[in-house]
Amino acid sequence: MKAIIVLSGLGVLALLAELFRFRKILYPLVLIGLAGAAATAISYVWYDDASQWTALMKNMISFDPFAIMMSSVIIITALLWLLSAQGYFKDETTRTDHYALMLFALTGAVILTCYSNMVMLFLGVEMLSIPLYVMAGSRKDNLASNEAALKYFLMGAFATGFLLFGIALIYGATGTFDLGELATFVNSSKTGMGGIFHAGIVMLLVGLLFKISASPFHFWAPDVYQGAHTNVTAFMSTVVKTAAISGFARLFGSSILIKDYEFWAPLLACCAGLTIIVGNVMAVNQNNVKRLLAFSSISHAGFLLIAVVTGSLKGVMFYAAAYSLASLAAFVVLQIIQNHSGDDTIERFNGLGKRSPLLAFTLTLALLSLAGIPVTAGFFGKYYLFMQAFKTGHAWLAVIGIIGSLIGLYYYFRIIIAMYFREAPADAKSAPAANDLQQLLLFITALGIIVIGIMPDLLLNLQP
Amino acid sequence: MITALLIGLPLLAGILTLFVKGAGAKRIALGATVLEFLLSLVVFYMYRQNPDDSNLFMLTPWITAFGINFHLELNGIALLLVMLTTFLTPLIILSSFGREHKNPSLFYSLILFMQMALVGVFVAHDGFLFYIFWELALIPIWFICLMWGEGKDVGKITFKFFIYTLFGSLFMLAGLIYLYYHSPENSWAWENLVAGGQSLTVGQQSMVFWAMFLAFAIKMPIFPFHTWQPDTYVSAPTSGTMLLSGIMLKMGTFGLLFWLMPMTPKAVDKWGMVAMVLCVISIVYASCMAIVQKDFKRLIAYSSIAHVGLIAAGIFAFNVQGVEGAVMQMLSHGVNVVGLFLIVDIVSSRTGTRELASLGGIRNVNPQFAVLYLIVLLGAVALPLTNGFVGEFLLINGVYQYGAWMAAFAGLTIILGAVYMLRSYQAVMLGNTNSITNGFTALQAHEKTVLFVIAAAILILGVYPKPLLDVAEPAVLDLIGSIKAGI
Amino acid sequence: MIQYAWLIPLLPLIGFTIIGFGGKKLSKSLIGLLGSGSVLAAFVMSVLIFTNVHEGDKYIVKVFDWFSAGSLHLDFSFIIDPLTCLFLLIITGIGFLIHVYSTGYMHDDEGFHRFFAYLNLFIFFMLLLVMGSNYVLMFVGWEGVGLCSYLLIGFWFKNTAYNNAAKKAFIMNRIGDLGFLLGIILLFVTVDSLSFADGGVLDKVSAVGRSNHGTMELAALLLFIGACGKSAQIPLFTWLPDAMAGPTPVSALIHAATMVTAGIYMIARSQVVYTMAPMAMETVAIVGALTAIFAATIGLFQNDIKKVLAYSTVSQLGLMFLALGVGATTGAVFHVTTHAFFKALLFLGAGSVIHAMSGEQDIRRMGGLAKKIPITHATFLIGTLAISGIPVLSGFFSKDEILAHAYEHNPVYWIAGIIASVMTAFYMFRLYFLTFKGKFRGTHEQEHHLHESPKSMTIPLMVLAVLSVIGGFIGIPHLFAHDAHWLHHFLGFGDILTLSTDTEWALLVLTLFVVGVSIYAAYRAYVKEGRLPAEKEEQLNPVQRLIYNKYFVDEIYDTLIRKPLDWISEKFYQIVELQIIDGVVNGVGAGVKWVSSVGKYAQSGSVSFYVLAMVLGAIAIGLIKLW
Amino acid sequence: MSTQVIPIEWYITLSALLFSVGVLGVLFRRNAIVILMSVELMLNAVNLLLAAFSTYHNDPKAQVFVFFIMAVAAAEVAVGLAILIMIYRNIRTTDVDFLNKLKW
Amino acid sequence: MQHLTLTHVLFLILSAVALLSGLMVVLNANPIRNVLLLIVCFFAIAGHYVLLNAQFLAAVHIIVYAGAIMVLFLFVVMLLNLNKETEPTRPAWEKIVAVIAGGIFCITLVGALRAADTMPMPDAKGMDVNIGLVNRLGATLFDEFLVPFELSSALFLAAMVGAVLLGKKSSK
């Protein structure tokens, strides 16, 4: 809860900067603020005063272990993201607005990790989405950015309708918005849930699946990711994705609807499989690395869904953390290349291994992690999910995951091959280089990928 | 503890090498691998003294949530394969001394990482750890093949190699997870997985068997999962090819022997025949392929498939002779194939071609090379008193006990092996020199050293293989006992 | 003494090592000395051991544990018994003579040192073969001599034809070796031992063989396949004539006297197995008889002096197998011995002729050499007489014993033997007459160069000639002396002839008569009428052409085996390997790519479509889950 | 007026129909503004449903929820219209299918 | 089925108006008319709220939707000078596809809900007619829903900032 207060306060503070003219120091200020938020979020791991908030907040939010872990992951990811995103806040006149939007989105993201009432789910989704619509369109004169904003907004609003209809139907069937009461209602029902409730679940699922860009509701994602500013894309594919999946997992990964598991689990499982396959297959032929990463992020949403279906909140957390680290690193390198060459096609990565060995190495590491090669964090994440899938009798899902990973290898390795095997383009100027903050970020992510990969216990045993 | 040192030493040396520029890198790499070899000799000695020496054993919790331990243990078979790894790696490094590699520090550190992973695969006693090392071995070799490979399709070929082997190993992972969930304790320890596997029904075991078989069959490779291999061997740099064929391939056979057979004995009993037939087809088929190859390196690549098919057949025979023969042949094949690929490298780097048709008469200008080649060749065709014979004899013996017809077909390798090997020897060495070969220069010191060591190893192992077999025998008997008990 | 038996193979090995490593740095005389000396020393050792071995003795000299796996224990140890002793003497004795001969014959060859290294290595392996105290060690020698044979046939490695001949020899041998190996394994699987020591494989076979009748038949046949390869029997005989590509001393040593008789040694050693396997025995006899006749017919039409001898060797080996097949093990070994003498003599004599003729090997270009090279001529004549079975010479006794046994077993075999003998006498005398009688038919230059060979070559010829004359007395039959058959007692195979003396005499006379007629026919044709073999193939009638071309066996093998194998392999490579198996693998990848390249159009860029897809997705879910 | 006389199913059906009309609007039209309006229609269907359930469950929470929906809808409309205006400035149309450069 | 009361008739009339005007919004090609028709629809919905005893909600609905949101729409439509001529229309086949898809969706949704088990009528005695009154709502909103209430202010702030950010002309 404290994190929410800090973040929204920080958002207001950012707006005030315009008035009181401390725009210049806003960047360090937000960094520190985010660090503070991260610290408060993660401090619950050791100082458990989270439960008292729940009552105080009238059961609107609940900082259970999952919420603590996920919000920590999200805020830390955002903090890391900020290290790379100085370029996004370049424009003097709109800087404060962008900070505020980002921070409000982050607030929404944190709400999604800890909501325990449908109202909060709805508010969280909207608080996350509305600033994002704007962020996607932040390059106002750029048609691609416009298109991204339009598509994102229209489809997002449309999906919100489904989400709300679902919530309304569930309310109609159970008479409550509160997740705790909902759980009691579902678990105590003797005859099983009726059609209204199921219709609500389906509608709710449609809305949420859209948010995590699961197939067949994924179509917006590649276009939006491609059109948005690369920093924004990085934000969307890490922070937003993690938030969306935790919003999802709070409902479907926990025990709330477990009595009704037979109804929605097969559906989710199918969606997970479909998402993995679609995301990976579609990425195969992409030449635009940004778009490629977008499809890759779709496929990872599928993997995250496996974790949800198998009811493994820890799996969600671990996978999301691992994925965020790797994805962030990949996007940062992409952004550096893009800034350097003004283009984000795969050819721009040619010969990077020679021109900027460190960038290439980090990107390789990130891609290996995304591909799930030992001993990276991504591998253990996948491994975790496969374990869970086997445990809960979803072996076929694990097999699809395996096949998906293999297809995934193809495009991840295309980039690696381009970096190390292809000659640099003739018009390549100087070597692209990361600035200090980006270097710091890349170092942290690379370290994180390896350390978590080698010692997953560090994360897994972090029990609040 | 000392086993962990076997893993740690190459890792540290690899990291060190990464930061050394220029020629220093290869010297450090060579020094480290020689040191590693000496260390493995110490381990060998310790093991001979007392196989249960606690210094050879290591168990540290790693990922507690899943009962995964950093669990290293040596048995005779693993020890021999570790020895093979530590013996061959310095030779491989030394043999590359004549080559100017771009970015040598990366090259040699990758080789060292590779060694680390390979040793790890053989000493891991925890299923998960085994899998980790298994995959870890893949990355350095992939980079070696990619960055220092030759030909215009390197990217494509190495990628195929990578994805194909990973395809298999992911199914192995699936199989291992399945075993884990059916094992009595919450542990990935080998014994526990064996217990889990053996408690399964035939149907379940069959599923696990095929999933894991796929991984090993691809790695070795055996028919019909072999098509990645010739291309990869041909396009990889010689050191990479040596690593792949000399050591990495043994991961497959080792896995088959140690991680598959005891886990799924009933399935082995039920499906062993099918696997055996695949192995035998592999032998004959690959031999026939080798006969018609026009490219020297590709010929050797196919010969490797034929040999490994026989090894796998011996394993599936699961009797003492077959398995010990397989162990022996793993060692022999490792040594021989490294020698053969070095020969290919020597020839192709001096003449600029690997086309058999355009070579010939090298014996006229470099008789010493011819003799060394001949010795390696004899090892490869399993002439008695070379290392190849002991293994092959035991293997055919073992396969015979499984099925006489199998042995008859498997034994065709004796004939066909001679056909393609002699053909290559004749095409390269005999006859008159031509414009390409008449300027064939003398062997360089490092090449000579490596070939001498290999030739010596071929002869010594052929004349006196007893110590090695003695080391392997208890482990083999254990394994076979465990398999037979599980049926 | 016997405990030092390991010195016998070691000595040539040392010789090989020194010569091999010393290479060209050593002088030729030193090499000759070392090479011959080491074999001589081995010979001396063999003699010493021989004097200590009596019939029925069996000593095992263990050197070290070789390897073991499960119940399979193999020692690196040597067996010393009468059979081995006899072979030791033949190998080291004749080997020594041929080494000496080679110092002269190969003197001007640039590969002199190499030659001696190979020869010594060969002696080593050959000794290992006959001394190995278990089947596997025998197999070591067995393959080792094959290797040396390969190296020596292809000694002049610049010549592609020679290389091919060498390769062919090795591969055909390997076909046999596979059979041998499987036979060994079958024996092991059946009786769980491979050692020749007491209580080893042979004893066990005699104990359990009766109850494992079929297994023993199979084992015997498999072993026989090995023998066929090594000893050039139908169908694996074609490599031997080609093997004449090697230097002549090699032909004498390896392809006449020693290596090719390894098959006989092996079957003699495995006699116990064969006595359990009557069908296999019959097979051996039939194959032997067929080979004897078949090769002899080819010999009738050959014009190359060494080829004639080669086919003669095949034919004689066939005779030996016939002997083995009818149970005359002693006879076979006896013939091995005498054959070693006279065939080595003939080959060396041929070498001397070739030496004199400056490398010419075609007998149509020779003639009238008797006066030019008298020693060669005289010794060659002795050899020819011996092989034709003229009384008192060695070949007479051994051949007689075989024929008598054959008759005893089944007269048909006897007839086969007679036919072979008659033809042998004919083509050998044809060879002799054409070479040494009549007028010289070579070029003027060759005539000018004609000269007798140096002492190093003629002395071995003379020694061998003496042996060819007297060698038969070790096995002189009962007909001529009471209690005479020393070899029989010494070897102790117990294959006693039970024919009546009258029958034996009758057979003897009949044989002599037909052989005499045959020799006369040759004399008439090639001396009196002065006929010459046709210069061109076209002058022959179809039957002759068929035989002249060796029944086209090589071509048939080529068409039936090699070409189809190549063709199938090539097709498999092009179609199955590249198209199907790899095609499937690549096809999967390409399929994914294709799906991706088509599927991407679903991502049409139009929001309307996306919304539609979303609604359709919702409909689908609704229909599946709610209806 | 007494509410209980109208069965709740009627309201559910009405909401479903209204929602479907909204969906149809989104599918049918190309004008972004009208699409946005259709979305509003969908949201109103939800509001109606919630209000009906509120009465049915005798629970004011659902009505409060409706307030939130209204508020958020307003915010969404504000942002959406801003986006539309921004785009209109660039491409002079509100046709949603005009911008389809990002694809494949 | 009960006897049709006035309430039922009112319900049906309001429903018909809402659905028809909604459909017209979708089908009519003139944006301005669309806006006006949507307002009609909203009024019909407000009528439903009144029928449901949610008077305050009805009032707020009118004020927010008809008064604010739709005016905003109207404003934008005017600002951009949209009319029937500028209205982009779909090709016929796309329209057919849209109608079919929408129809199927409608059938699926309605069918799913109709097929669902009929919900029992709540106990009439327990009915509290006052829940729609402002004091009850206020008590709920500012007590139980205080947190979302506060957060929605942040949401508004974000939306406002965003709208301004995008809506104003770029400074360049």
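Lettered A, B, C, D and E in written order, each chain numbered from 1.
Everything below uses one rule, namely that contacts are C-beta pairs under 8 Å (C-beta built on N, C-alpha and C of every residue); 3 or more make two chains touch, one makes a residue touch a chain.
The shown structure was predicted, so the numbers you read here are calculated from the model rather than taken from an experiment.
Student: What is the touch distance from chain A to chain B, in steps?
Tutor: The least step count works out to 1.
Student: If you take the mean of the Cα atoms for each chain, which one ends up farthest from chain E?
Tutor: Using the mean of the C-alpha atoms as each chain's centre, the farthest one from chain E is C.
Student: Please work out which of C-E and A-E is bridged by more C-beta pairs in contact, and write that pair.
Tutor: Most C-beta pairs in contact, of the two: A-E.
Student: Indicate the whole-number Å distance between the mean C-alpha point of chain A and the mean C-alpha point of chain C.
Tutor: 78
Student: CA centre of chain B versus CA centre of chain C: separation in Å?
Tutor: 37
Student: Between chain C and chain D, what is the separation of their C-alpha centroids in Å?
Tutor: The separation of the two C-alpha centroids amounts to 97 Å.
Student: So what's the Cα centroid distance for chain B and chain E, whole Å?
Tutor: For chain B versus chain E, the centre distance works out to 71 Å.
Student: Note the residues in chain A that touch 2 or more other chains, in rising order.
Tutor: 119, 123, 126, 130, 133-134, 137, 140-141, 149-151, 154, 158, 169, 172, 195-196, 198-199, 202, 222-223, 410
Student: For chain C, give me the residues that contact two or more of the other chains.
Tutor: 589, 600, 603, 605, 607-608, 611-612, 615-616, 618, 622, 626
Student: Name the residues of chain B that each touch 2 or more other chains.
Tutor: Answer for chain B, listing residues that touch two or more other chains: 163.
Student: Using the touch rule from the top of the page, what pairs of chains touch, sorted by label?
Tutor: Every touching chain pair, ordered by label, is A-B, A-C, A-D, A-E, B-C, C-D, C-E, D-E.
Student: Would you mind writing out the residues of chain E in touch with chain D in their complex?
Tutor: Residue list for chain E touching chain D: 2, 5, 7-8, 11, 15, 18-19, 22-23, 25-27, 31, 34-35, 38, 41-42, 45, 48-54, 56-57, 60-61, 64-65, 68-69, 72-73, 76-77, 79-80, 82, 86-90, 95, 98-99, 101-103, 105-106, 109-110, 113-114, 118-119, 121-122, 124, 126-128, 131-132, 136-137, 140-141, 144-145, 148, 152, 155-156, 158-160, 162-167, 169.
Student: Would you pull the chain D residues touching chain C in the complex into a rising list?
Tutor: 23, 26-27, 30, 96-97, 100-104
Student: Write out the stretch or stretches of chain B touching chain A in their complex.
Tutor: Residues in contact with chain A: 62-66, 131-132, 135-136, 138-139, 143, 146-147, 154-155, 159, 162-163, 166-167, 170-171, 173-174, 177-178, 180-181.
Student: Using the touch rule from the top, collect the residues of chain C that touch chain B in their complex.
Tutor: 23, 64-72, 76, 136, 139-144, 147, 150, 154, 157-160, 163-164, 167, 170-171, 174-175, 177-178, 181-182, 185-186, 188-189, 565-566, 568-570, 572-573, 577, 581-582, 585-586, 589
Student: Given the complex with chain A, which residues does chain E contribute to the contact?
Tutor: Residues 109, 112-113, 115-117, 119, 143-148, 151-152, 154-155, 157-159, 161-166, 170-172.
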